[in-house]
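Please see the structure below; I have some questions.
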Amino acid sequence: MVTRRSLFAAGAALIGGAVVQRTALAALPEPMLRDDPKTLAPSAPATGRPYNPVVTLNGWSAPWRMNGNVKEFHLVAEPVVREFAPGMKANLWGYNGSSPGPTIEAVEGDRVRIFVTNRLPEHTTIHWHGMLLPNGMDGVGGLTQPHIPVGKTFVYEFDLKKSGTFMYHPHSDEMVQMAMGMMGFFVVHPRDSSRYRVDRDFVFLLNSFDIEPGAATPKVAEMTNFNMWAWNSRVFPGIDPLPVRRGDRVRVRVGNLTMTNHPIHLHGYDFEVTGTDGGWVPPSARWPEVSIDIPVGAMRAFEVVASEPGDWAIHCHKSHHTMNAMGHDVPTMIGVDHRKVARKITSLVPDYMVMGERGMADMQDMEMPIPDNTLPMMTGTGPFGPIEMGGMFSVMKVREGLPRGDYRDPGWFKHPPGTVAYEWNGPI
Amino acid sequence: MVTRRSLFAAGAALIGGAVVQRTALAALPEPMLRDDPKTLAPSAPATGRPYNPVVTLNGWSAPWRMNGNVKEFHLVAEPVVREFAPGMKANLWGYNGSSPGPTIEAVEGDRVRIFVTNRLPEHTTIHWHGMLLPNGMDGVGGLTQPHIPVGKTFVYEFDLKKSGTFMYHPHSDEMVQMAMGMMGFFVVHPRDSSRYRVDRDFVFLLNSFDIEPGAATPKVAEMTNFNMWAWNSRVFPGIDPLPVRRGDRVRVRVGNLTMTNHPIHLHGYDFEVTGTDGGWVPPSARWPEVSIDIPVGAMRAFEVVASEPGDWAIHCHKSHHTMNAMGHDVPTMIGVDHRKVARKITSLVPDYMVMGERGMADMQDMEMPIPDNTLPMMTGTGPFGPIEMGGMFSVMKVREGLPRGDYRDPGWFKHPPGTVAYEWNGPI
Amino acid sequence: MVTRRSLFAAGAALIGGAVVQRTALAALPEPMLRDDPKTLAPSAPATGRPYNPVVTLNGWSAPWRMNGNVKEFHLVAEPVVREFAPGMKANLWGYNGSSPGPTIEAVEGDRVRIFVTNRLPEHTTIHWHGMLLPNGMDGVGGLTQPHIPVGKTFVYEFDLKKSGTFMYHPHSDEMVQMAMGMMGFFVVHPRDSSRYRVDRDFVFLLNSFDIEPGAATPKVAEMTNFNMWAWNSRVFPGIDPLPVRRGDRVRVRVGNLTMTNHPIHLHGYDFEVTGTDGGWVPPSARWPEVSIDIPVGAMRAFEVVASEPGDWAIHCHKSHHTMNAMGHDVPTMIGVDHRKVARKITSLVPDYMVMGERGMADMQDMEMPIPDNTLPMMTGTGPFGPIEMGGMFSVMKVREGLPRGDYRDPGWFKHPPGTVAYEWNGPI
């Protein structure tokens, strides 16, 4: 017998208080909602084929119900409010309360039925990026199906022919709807759960927004000059760390739905790309890398054995993409005697502070007034002081004693004696 | 005996009424001209070694004459008028009446002699991108040869040492001349025509232009903010589809001569890069992909077996690159009560219409007046309504009954029963 | 006995008159300084394990002293003046008198101790990009160490676990400090010096600056619209050529610390990527290329056998990146009757010259006045006239008679009879 309790056994208990139930959709699988930006620790599936679940950074996975042999999901496209980091919220569009939408997880060989309800102010569709499926399920509005009108529900149904890492996003007013944050991951686990097995499996999407400091709604027609470079619609210091047990085999799957390549750089390790949204990369074709350049509309999965403990930075290597909004229109003051300039500028821009005449690191210490609902350009504090980062930055925290399956932030690393850098105290 | 008839047997008949003969160039091979932006169906070569010809999307291949053992081509660099899509024409520079110039096709082992006549207002050269040749044939003005003065003809001659996919473009006032559209493909077929054989072989170049709405000449000093993202100097809905017979092995060769990477995404299939402008990629080194990121100054050939019928979108995955000119400077109106704003804007910009307060899909339905000689930002109509695309977008049309060698547009796909997505009519 | 003479045997003699000694740092290894932008020819190491040294284009390698089994280097972070090309100098930040800093060369298995003295106006650190090391040596300010205060020295010490091509740069006010030019190469040679051996081994870093014509200090908050696209903080015609003996096996190692991908295109050859900053690429995984797209925060080493003599252009294939500052804000004049326009513009902008109505090649010949301390957009003169390039452009000069180990510019190539392109003198 199918009851609500059993339907959502995999997710409901964990999602807990953050879940809102939509009572008006009784005949369809109930769409679970979650607007909490904390990373939800993964749990093994209660129904269907077994798999090793992924961890969606600052996100969650969608529950489903079994209807005969079919896994039924329900996505609701709707406006959402997303906290980018403490101190800044944005008006986005997403799915089931969040942007990105929940990760869909299923297993090779599954048949899925995905109900998509449109609660946006305009029509939409969903394209299942990378998926092999019948043409009518491809989700291109006008080409393979009618756009889904406001208030209506459309049903996608197809077999999952192969394992891999796919994405979902609209193909209907696409530029606008993606610029507003509509996207999600679709992970198809291998039928044999011991294949491609890793100990920790993180997924996140790269997305970018152009939100004027003080505003809350993205400008949807921007092409290059974005000022919020995000992972799963979060920016540092709002991005959760990647806690890892020493010796774990770790996979990181990163999809890019921005407008430019992002080279994701992990400190302290070299590694190989083991999968794309096209499939698994054969070992003979793999390259060693320390920065994985992820093209737009593509996914790269890379793997590393976490042999070396510590706090290892992981970030986009375009240095502007590790800055928040205030870092993108600052004049150069290096070497400038600021006194005259400041007088002039202050007369034009009230509350202007001269900064950066000796570089910009000063700014972290200044109590510079910034508009409401924005973020300082460089921020974050580590065990040794200000980290001076923003945007696409996080830390892989490799710990000796971390329990298997624990995804809580283990705090900062204590350097064992003999490995800590030291300051020279002799004569200089 | 060499006559005009036999010289151009491969091309003249097909090119038909679009061909203009330049009578003043009697001693050189007659330069054939074509300004029709329709795709010319390929034909087998009438002289020289046999090969399987490519299909240049919205383009054509240059005819040649045999002079002893040498294949003689004649390119004329000159101003051209190119229709980007019905409703917009641009003043470009190209070769033999078109931008891009005609594809040069020859065979590994051939010796080619290419006469280049300069009918531009300034000097030029041609660099044979990717080709292994003597230094003096490399086409770098000032470095390996004098620039070709206005009105003069320069002769390039070299042996084709290997098969592959190369490009040609000026290396003389290069930024300007490429921004004006001067470029073309140079395909060298393998000596053994059964090697690397495919059933359909499409080629196109990515190029970008910055043409103000209402104007017709590109701005040649733009670096990033282009507004016309084109394939072979055409934009959707002006780009022809790729008609393919079910079961065909299809190759798509894409060269990039813009200023940024373009991830070319084909729906419904995964595939591998099998060749670059450096050569054929060995099978051990190939990756599975669904979006091929094509660097600037590079070519990627990928192959797919067309197993699944339907209308499969193929496009650049940077969503701004599937928009036409009007999509790049539009303010965000989402969530804005437009009435006051509209009054203010209308007083500044006559003919302004409020759009986008609920997204931008509305714009397709509005009869919004746009300047002469430009294109709506989202356009095209499929079997299920507006496709809402522009720029770098087309459709691979995989059909059961398409005759071998037929490259006519087969129209929209009729979904067989059971594969069409359906709308949920139950209670929501 | 350790004396200054023996300490710096590898470098001091060669660096010669350009070296300045900092007498106040007696207890630490003396930091050698060099502000000469000419390429320093490499020399074999006088102490420590043997290796085949690299050639840093327009740069040099840092000397060291052996202290027991440890190689001791000393880097001084400080403001420097760098000549981009004759006619333009920039106020940058660098190391030991130059930007980029000197290349650090050592051998797999070495233990290195690197003293970093901060003579900048703000704090700094050094991150050893790509290196496998203990977390405390990773150089991320705030995260793995305190920032190095102004006037202080910090000591890094670690074992070189593997050979490869790494980079060093600050991880402290990173956007600003890298935009000011702080970066360098760190080459770890294989323990067995016959492994991966080549005859010529060139290294350079891609960097970009935004310096207004007439100014000398980069704008540090620019994200995309840079106007100086540099190799090792030099632009054409300031970049030295790559002199190569015919038949040499040549490696070129290129690191990218700009904000965008750069496809490095070498004319006349095809080649493979043999290494990244993650390690050596196994042969099974290599692709043939003629343009190597180098992601940001990544390094690509490629190899070629110099079989064909001549002057072979090597450059970034984004055509704006082979222009200098004046090429990025020029209006299009093609097809414009300039007489009226010129009168209007001249009244607004004194010294304005109408250019480009027939393309921009005219500009090279015009005696157009440009601001002090900037460079013409297209420049350079070869054996056949103006080369019309700037920015990221140089020439690999392959010569029959070049002595082994000679890195002097051999001048322009003389085309042997029969390989030079010729002009058509018949009727046209």
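A, B and C label the chains in the order they appear, each numbered from 1.
The definition used in the following text is that a contact is a pair of C-beta atoms (placed from the backbone, for glycine too) under 8 Å apart; a residue touches a chain by one contact, two chains touch by 3 or more.
Just so we're clear, the structure is a prediction, and the values are computed from it rather than from any experiment.
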Checklist entry - Between copies chain A and chain C, are the contact residues mostly the same numbers or mostly different, with half as the line? => result different
Checklist outcome for this item: Per the C-alpha fit, the turn needed to bring chain B onto chain C (nearest 5 degrees) is 120
Item to check | chain A and chain C: spacing of chain centres that average the CA atoms, whole Å | outcome: 35
Next on the checklist: Could you pull out the residues of chain C that touch at least 2 other chains?
Outcome noted: 224, 260-261, 284-285
Checklist entry - What residues on chain C touch chain A, complex-wise? => result 24-28, 91, 115, 117, 120-123, 127, 129-130, 132-148, 151-157, 171-180, 217-221, 223-224, 259-261, 273, 276-282, 284-285, 295-298
Checklist outcome for this item: In the complex, the residues of chain B that touch chain A are 224-225, 260-261, 263, 265, 267-271, 284-291, 293, 308-313, 317-320, 322-323, 327-332, 334-335, 356, 358-362, 378, 380-389, 395, 413, 415, 419-424, 426-428
